Amino acid sequence: MAYVATRGGARAIDQAERLYRAELGQIDAARVDAVRRALPMLIDRVMGEASLYEPDLAALALAQAGGDLYEAVLLLRAWRTTQPRLAIAEPVRQEQLFTHRRISAAFKDIPGGQILGPTLDYAHRLLATGVLQGRPYSPAPVTPAATAAPAHQPSLAAWQKAQGLVADPARTEVAPDAIPDLTREPLLFPAKRAHTLQSLARADTGGMLTLGYAAMRGYFNAHPTVNELRLAEAEVRVTHPRGTVFSAGRVKVSQAEVTSKGKSGQLNLGFCATLGWNEVKVISGATLDLNAAAAPKGSPVEEEFFLYHTEPVEASGFCIHFKLPHYVTFQSSLDALRGAKASAAPQSEQVPS
Amino acid sequence: MVSERTVGMTQALSLLPPQLMTTPPLLTMTGVSRRYGDVVALHDVSAVVYPGEVLGIVGESGSGKSTLLRMMNLEDTPDTGDYRLALPDLAGNLFGLDRFARRMLCATRIGIVYQNPHQGLLMQHTSSGNVAERLLIAGERSFANLRARGRTALEASEFPLDRMDARPIELSGGMQQRVQLAKAIALEPALLLLDEPTTGLDVSVQALVLDTLKRLQRDRAITMVIVSHDLGVIRTMADRVMVMRRGRVVEQGLSDQIFQDPQHDYTQQLVHAKL
Amino acid sequence: MSIASLTKAWQPMSYGFLDASAKRELRRKMLKAIAVPGCQMPYASREVPMARGWGTGGLQVTLTLLKPSSVVKVIDQGADDSVNAASIRSFLSKVSGAAETWDTLAASLIQSRHRIPEERLHAGQILVLQVPNPEPLRPVEPNMSIARQMHADADYGRLWLILYEQIVRSGRIMEGAAYPSLVNGRHVMTPSPIPRWDVPKLHMAQHLTFLSAGREKRLYAVPPFTKVEPLVFSDVPFKVEDHGALTCHRSGVKGFYMNEIPQGDGGSAYELSDSHLGIKAIRQAEGEADRIGATWYQNGQSA
């Protein structure tokens, strides 16, 4: 008998869940702590897609989901949506970021300097198999630079704006609680700029890479040059009900700005930022943003297309929903199919009864 | 529908200057101007078209002739200007109509054939379906009638009926234009707009399509406005001609008049270049 | 006076899971949906502790409507004990304390995927249908912003065109479930992937129906006594599935929508899709006092 028709569905799903969890074993604080310390890049990726900056909860979600990324993101999103809004943080400007890594591919050197920071970009990707033979791999210690790079760096785009290379549209100030919030409003198109950036920040890293890579390879117009890529920490400054502004802590952020030559004789910019350090995501996202303005309707680099299709919770949920029984709809199609067969060789000029 | 008219009458009418026409015009456009940024697409253009008449609009690309046709099809609204069609239940400036009313008016009373069939056809649907869609928008809900009326329209466009359920994407350029034409005339519109309908077709195919248009015009006395950069096409089709340049009308008159005795320098250039 | 006396004790989640701001938004959108029958209302659609595509849209509407006195029935493909129905039902009772039932007549609130029960719903009952794809225009226009404009223009010619071409190609309309239907003479909606058998049950019904798509963030409604007309040609009548003459091999009941069960001998057996109707019929046959309500179909014909 089919699994749905089984009487006692409640018992079946209960046991199926137990079977899965038996494999994962007991989850305790030590395991969560180990996950958090061992997998910082994964924690960052999950926090970005969940749009929730809480490394402990992200580690817990990963432990609870056994490392299934989409499950972990859903756990965090479902938790996040029930949380109250206590305050809205002040905007963070580029020059206020505590910058760990900042590079530009557009110029050899830039005001403030290129800061390589932590990266595996130039590492040789050799698997340290010795570890499995009992020889622990310990990284060589870092030699501090003679002069430390300044923590705060100017924005390259600010220099470009001053040079007239980049359009500098007038900024309109928006009250903090008037900023459109994607998690409390539906995403409609043409999208509000805030919704676009929020949606990119929450997007699926893999999905964004796929569509961004398609654009980079040449499906559609703009070839991106990395104008500025930053890994940084941002101070979260909030206002106490009594009026004092204080720091509630720092969050890791990444952001990318990519550029290409525009039609109007100026440079076009594409931008993407997210919580946590995730370079692939922000470069892909910024490339999609760069292409969006000129994208034809229905193309994969059109905003509606890439924002809808890189939403990790929606995309993964819909994908796995096809496991659900569909036999009522299937029966309905079967009926139409058999009906058409029965009235074989239809005369199209006749009106069917 | 005015169907009593004969070929003889067409000739007789075309001898008369327009102001002596006894019937009021079907289409009246007055003082239409449109700018796109710094570009003046149309400047103070006025036009009239009488029932059963074919007005040709000629000019080089960028002269504003296609923009004017789009205005007649209410696809765009000018900065200033007045547009009227003398049809029952239709009063006032048509540029003032809302989106909904425009759509219904265009679907039911105005037919259009575009130069690019992709613009006028659903390429992935059947040819008969393209015609049927028009009828559906106008409220036809009988399948038998959709079939019959689709067949009639395709037949009138001299489209081979054994291909009526083929998709336009599978058809030749000339056939695609015939599907567009069938779709345009399916509801017997008061006004048929033709935007470079034969441009891009082989010369022999072009002649056949023009032939069909001529026959349709003669049999049904459809009021037409045809836009072309090709003087040959205009000469074959039009009773009266409007010459446009840089968004303005530089000369207009009876077809023979314009071609035999062009007054404006620009028209003279055009006609001589052609000859 | 102490802080404790002025505040509520901390709870891990709000009543009915969703917080007050989410419920307020949903209530507003649900009222709008009732006011403009069949018109899709965009809503924020919160993440809930279930995967998107698994009834999260229906769940949000149900959670908003729930109160401790509610009696909830949840079905999937017509069955109460289907695995996902069981999962949703236990979540609903866990977060709201509402009573659970399998009996259509006893339910005040019915959340369903792909079916409308065979017993007539009455005034006061609310049916919540889970919707995977709320956009009837998707097959002709995948772009949501263009489709929205087409709804505003009542531009449905291409939907009819699909039906026209199905008849031309196959000699009949080939739409299966989710048959596009005109609501209140204005908006075409997809009635969710219910079989054609169930579409007439929405027309001038006594009950209120909400249709909600969580992943696509759209909800719409069919208020009581509202016209729901499947798109058909005047000379090609709407046809429901040819199930009127089939008999359930378990209960012996005839004349309702059936599940086809392929048999080893090459044939098929049939069983009632509305599983609880089957259970009631078997109980009645065994002499138990179980009431079967009035049904929309009688002897396989729409009543």
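For clarity, chains are labelled A, B and C in written order, and residue numbers in each chain start from 1.
Here is the rule we use: contacts are C-beta pairs under 8 Å (C-beta built on N, C-alpha and C of every residue); 3 or more make two chains touch, one makes a residue touch a chain.
Computed from a prediction, not measured in an experiment: that's the story for all the values here.
Seen from the Cα centre of subunit C, the chain whose own Cα centre is farthest off is B. When every pair of chains is scored by its C-beta contact pairs, the maximum goes to A-C. Once the centre of each chain is set as its mean CA position, subunit A and subunit B turn out to be 52 Å apart. The mean-CA centres of subunit A and subunit C are about 33 angstrom from one another, to the nearest whole unit.
Chain centres here are Cα means. That of subunit B falls 49 Å from that of subunit C.
Shared interface positions of subunit B, i.e. residues touching 2 or more other chains, are given as 143-144, 165.
In subunit A, 348, 351 are the positions where the chain touches two or more neighbouring chains simultaneously. The residues of subunit C that reach two or more other chains are 167-169, 233, 235-236, listed in rising order. Listed in rising order, the residues of subunit C touching subunit A in the complex are 13-14, 17-19, 21-22, 25, 42-49, 51-54, 56, 76-79, 81-87, 89-90, 113-115, 132, 142-146, 167-178, 193-197, 215, 217, 233, 235-237, 239, 241-243, 257-260, 271, 273. Partner subunit B is touched in their complex by these residues of subunit C: 153-155, 157-158, 160-161, 164-165, 167-169, 233-236.
Per the touch definition, subunit A reaches subunit C in the complex via residues 3-10, 12-13, 74-75, 77-78, 80-82, 84, 183-190, 297-298, 304, 308, 313-314, 316-321, 324-329, 331-340, 343, 346-348, 350-353.
Residues 99-100, 103, 122, 125-126, 128-129, 132-134, 136-137, 141-144, 146, 165 of subunit B are the ones touching subunit C in the complex.
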